[in-house]
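Each structure below is given as structure tokens.
Okay, so chain A shows up in both of these, paired with chain B first and chain C after.
And now, the complex of A and B:
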């Protein structure tokens, strides 16, 4: 209700509906006498004293009659809608849960009925049922039923395909119970929204029937009938026709407004103005909900005060130049020259406005570098911010998601300083992206070869034939069989593995300095995963490209990368070389990830460890360490102070007040992670 | 304690040119109190086979038997239950957890206590009963889905990719629960997954499916240490574990290594794995693989392997 009151649409809908409701309920009582009284001195008069809209042929006040008619007009329209919706819902839901043969018959029947225009059906039924308001209501209701039936069927069939309905079926629950308990409650909202929108159509249709003389009969009157009567005197008193017409338009508008408001309320769409979202985001970035260097120094100091043992190399993370040193791989003691870096990201933050007041920060303060030819993995669970980090680097975030970084340098160019055109060109030539779902990253209506060739034409100035030749050559390079034929096919004609290989081929059209692969094999079968990983690996070796591999699977990352960044709740909690990671990382979360991953050597007689609890919501992050509530080593300090990345004895860097050491015990006899 | 048997089950979909055989003459037994793992890639027919047991798919030919009688797929008493992959779709979003579980309990009396007991069985607080599914994590929802299946007092549970959508940090809790339930309640389970590491961990016996056929069945340990079908070997080799580098490139010719799984609408003649087989007719001189169906006589080979060379597989596996 609060949400309804705060949006302009909701307020408008509420006000107009309140007026309509008042008229429907009380207009006949208040203006009924006036509407029936014959002013014999003013028959068919124009607007004037005492009759704001004039009078009709029998001297009755038109304004009063328009107001009184609202009860019948709206009542009949709603009645017809209710009948249409009821019949439609019954037919549609029966079709959704019945046997396939009956379903075929019913949906076929619905399809035929929907093909007829609604008004034609209404007229047809009206002729059968005879004249009069009751017959007209039924005629209109029946005419509306087919489209409601189709809608119900489509919605219900979608719900009926869900697992919980399948589970109910395997439990032996009857079809009617499944319908009433499982299907209908889940399609109620869209049905109601549609009925509200349908009501305005029915209002108009009913007015048409009355206008044609098939609807309301004397002595009753509704807007449609008044419109018909008023039309005869349109030259004498235009308001006699205009007033009921205006009433129709307003009531129709009110129904539509309510439909929209209901859709917004039930659908949970957040209609936030872009400027408001921008203000919220910049406030969030400024407020430092994401830790800056200053808070880092403060928390480190506070940790020392709190009696925490200082880390061996704790504060030595800043070099003479006063620049924070970023993990540059195992055993890197000298600071890498910036010419050596393909990617440098400092203090990257990503924020999403959730509602009018809160902003979620799925990436909080991420800094890392990738050297020329290096393979770096980002690993984390769903919601850890790993994909958003990659998307921010590729400049692929779009409103309302926003990112901000102090430094973002790709292949020697600071991305923030480039014009949009130069940025596109720079990203196009130095970055290749491979996504999880190749079906959505390839244009489904364009031949695969052409999509690849487009790159050469755009970025390398190649001619049509030359570009096509290169495309086929690249497809061959990713071992696609008969590439000449495959290049002429559309993406859906290729298998998932081949589509992913085509994406890699697309990345290899140029000479990318960096390949970002976001869960490239998650949607693929394991034997295909092997092929795709090998192709990425080979592409990297042949072109000297660096790789940023994002995955939830530590096994994939350790197979492909030199160094791993472990993300949790929007932060890098550990940065460690693969050899050190295998030997035993320092962060309890990284250790947990290793311990909980079953492999072909897991001890079948021991329980598998798991990490209790779940990651915090990015809009409700705790003050201290985000992992503290799930961590077996957490103490009071963890809940108060968010740990910063510091050099770790395990190699690399770790953000933890209680870093661990030693190798990870994979199967734990006690069954709980300790 | 019941025994679930798939006897020569075939499931076909579609008609004419679009027809495909999702499950092709599969015979598989789930003995009482054991977990049988069913592993295979997408499109191998493993889910379809599982769904026939609960009547969600109809068998074209063959039979699904529970204790020698056709598995009941009608009526209120359903001794075979199924748990699904997607934790988001597993529970009705408009029903409280308690109501979802209670619905599965056959008797009307003492439902509240029964729900609390079931929740405890899957290591959740009884107070969870009043929550709506939207407020729970994926791992919690999968445990509730298990509790709902248990509420029907099943003899066999079909678990179809129940941990595939879960993060690895919570997967362990669900897998442990699977093991615990089968040992403490004596429920048998058909555990379907594409992840061989997970299947090996929870299952006593593992069956491997490829393009609608079971190509190898063996106790979990034997299957992993001594596979008899080249496809099983391929699965094992492709399964990564933490710290393991990408396997060195094998000597198998590239066209075979990078071959796509066959189109299920147009299966190759002979052994359906032969176009991808590193010890098949495209690599070695073995013409019968491209002509003779290896499922004939599989029952007498080690691990019931559908491979003409199952007996000698271990010796030649590294030779090419």
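And now, the complex of A and C:
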């Protein structure tokens, strides 16, 4: 009730329903006399003194009649809905608890009946029951019954499949008792929501019958009948037809409103206003980063969205690459080296507004570089921000997720300086993406070859035939057998491995300087995984492209990459070469990952070992080191000061107050878990 | 009680498990046509039963209390109402398949003549309205989805969804009355009723289309928004295609299944909804004939019109299912 009162929809529904209820109950008593009185001086008059909406052909006040008619119009509609719902619920319930043969008959019959529009059924039953309000109520009720029956059956069958009903059944409780005790109470709410929505349809349908002369008969009148009568005098007083019509629409909307309010109450969620989200995001970006104030903030997403981003965060000023004073930048890159870089990212943040007051920053302050032809892996648990980092680099985040970076240089171009069109061209030609799930990442309604060929049409100025040829050639390059035939097929006709190879082929349509592969083998069989990895590696070597490989699998990353970035809770906690990683990394988290990573020697009969504890929620990050609560080496300083990346004795950089050294001992599953 | 798997226990699923050497398309067609045959049988049986379900004597009801008893008896005899029910049922079926639909109880003319004369007008109206609805709703829904995606332009979204909701709540006959008032009575741009030149089509088609177009455009918007959130759209964006191609080539075709399903339902209800609009505009279609036949208790006429409307609905459903199966073989054919 409290939620009903606080949502504007709920308040509106309550108010309108209160007015309708008042009219239905009291309108005939209040305006009844006025509605029946004939003003013989004003027959069929337009709006004027004493008659706000004018009079009908017999000089009766239209407004009073519309108000009085609400009782009959709404009452009969609700009556028909009640009949329809009752019959439907009974039929649906019977279908749900009866023998399978009878159920087959009933559901088959319901299926046939719901195929016919309700009005046709209502007309059919109106013929049988004859003309008049009572007959029309029954006709309409019967016409509504099939759809309610189907709804009841579907909901009941759904509930019947749940555990607690299965439990009741094994206890030998009778079907009827299960229906009344367990099933009906659980489907009551959706049934009532649908009945409310059905009532608005019933209101209009009943008015239709009266409009056609099949419903309410003289001397009674409802809105439908008034509309029909008013149509005849539309030249004299159009309000005689329009006023009841207006009442009809308003009452119908009130029913709809109630239905939607009820549906929202039963499980809806109110969306946040964009201005609120914008404020939250800018606050998140301003917090804690010294450099961003000095250099000016910009949304990476904004540029990609052709200037119509929902969240313009600050001014779109650009930063010159290589000029920012930042320890990591200085340590890894000098001006001379920067020409050698394919990707340079500094102070990348990604933020998502969670609710009215909090913003999660799943990527907090990430800076890294990728050299020409280098293979860099990003590892971390799920939720560590590795995928969001990659999506931010690819400019593929969309609202409400927003990103911001002080420096984002790809293949020699600062992405912030490019116009939307130039950005599209630049990213299209220098960056290729390989996504995780090749089933959902390929368009299910488009031939595979066409999905590849459209790249050439867009970026290489190829004609239709030429682009197709290139697509087939690329499919052949990733060793898809009979590529001419496969190119003509839809994604679901290909195997999982072939789909993932097609994704790689898509990445090879151009000559990318950087390939970002996000968990490219996660959805695949182990045997296919290796083929795909080898394929990526070979493609990279042939084209001299750099690779940014995102994976939760350390084994994959060490096999494929030159260097590894370890992410934890939205930050890079260690950046280290693969040989140093194997020899023994410095960060306790990285060491934990190695200790717990399964290999062929792992005993699969036992639970796989894992680092105890869970990463912090991105909306509730601690002040100090985010890993402190899970870290066996944590001390007081870890709780207070968030460590920054510094040169590490293990090689590379590490963000830790207590860096470790030496090789890692594989964890004994029992030991880690206890 | 039933398990969750029983939800799918429809007549079609019942044949599952039988070994089928046929291809998926052939077996889909067979199942679908079997369903059609059953539906037609149910329709015909209902039309037949119509005259028998009426409380009291239908002939007496039709001819009125003052009709002479021998006339009533002769009419009963003529309609074969004195025979056993099964005999009548058999004869009714036989007559249907030989093209004999009976004579009107009012004007004694074969009802098929009236229907064949009036049906084309109804069909013309329904098809024109349907084309109008699709041409308005799909571009409008797509455009609104693009403009309001990812929570952009909240005021526009609110304005669109609420006005579409209000418009969709206006019943056809009210739309008809409003249109008549504004465009026929007030401005005199269009004739108030009847069927003559092309401009007599405008108001009836508009009255039939407005509400349905609003409802369909809302649906298209929601569908497109759903598709835009899917992974393959991200892939398309990663190819850096121009937006027009992403929306028209990647997003739109993937909304077709839902749009088409709802369009089929719309077209069915449009055919029947035309009864009201035709009556309002005194359109020479089946609608006014049906209403006057119901009021005059001209049962043979009602029977054939019920058959015709029902057959149109079944035909539309069949076409929609076949097109869906062709467009999206994966889901449709498997489920039948």
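Couple of notes before you dig in:
Please note the rule applied: the second predicted complex is superposed on the first by the 343 of 674 C-alpha atoms of A that agree within 3 Å, B and C clash if a C-alpha of one lies under 4 Å from a C-alpha of the other, contacts with A are read in each partner's own complex, and residues count from 1 in each chain.
The rule we apply is simple: a residue touches a chain if its C-beta (ideal position, glycine included) is under 8 Å from a C-beta of that chain, and two chains touch if they have at least 3 such contacts.
Since we're looking at a predicted model, the values are computed, not measured.
By the document's definition of touching, of the two partners only chain B reaches A:170; chain C does not. Touch criterion not met for A:48: it reaches neither chain B nor chain C. Contacts of A:463 after superposition on the shared chain: neither chain B nor chain C is touched. When the two complexes are overlaid, the chain among chain B and chain C that reaches more residues of chain A is C. In the superposition on chain A, A:614 makes contact with chain B only, not with chain C. In the superposed model, A:593 makes contact with chain B only, not with chain C. 162, 169 are the residues of chain A that lie in the contact sets of both chain B and chain C, per the superposition on chain A. Interface of chain B with chain A (complex): residues 41-42, 54-56, 74-78, 80-86, 89-95, 100, 103-104, 137, 139, 145, 148-149, 152, 167-173, 175-176, 179, 194-198, 200-201, 220-221, 224, 234-247, 249, 254-255, 257-261. For chain A in complex with chain C, the touching residues are 96-97, 100, 103-104, 107-109, 111-112, 115-120, 123-124, 126-128, 130-131, 154, 157-158, 160-162, 165, 169, 175, 178-179, 183, 200, 204, 207-208, 211-214, 227, 230-231, 234-235, 238, 241-242, 245, 248-249, 252-253, 256, 271, 273-274, 277, 306, 308, 310, 394, 396, 398-400, 424-425, 427-428, 432-433, 435, 437, 440-446, 451, 454-455, 458-459, 492, 503, 506.
Per the touch definition, chain A reaches chain B in the complex via residues 162-164, 166-173, 181-182, 185-186, 381-382, 479, 481, 495, 497-498, 525-531, 533-534, 537, 552-556, 558-560, 578, 581-582, 592-594, 596-602, 604, 607-612, 614, 671.
Of all the residues in chain C, the ones that touch chain A in their complex are 1-7, 9-11, 14, 35, 38-39, 42, 46, 50, 53-55, 61, 149-152, 154, 165-166, 169-171, 173-174, 177-178, 180-181, 185, 230-232, 234-243, 245, 249-250, 253-254, 256, 268-269, 271-273, 275-276, 279-280, 290-291, 294-295, 299, 302, 306, 309-310, 313-314, 317, 327-328, 330.
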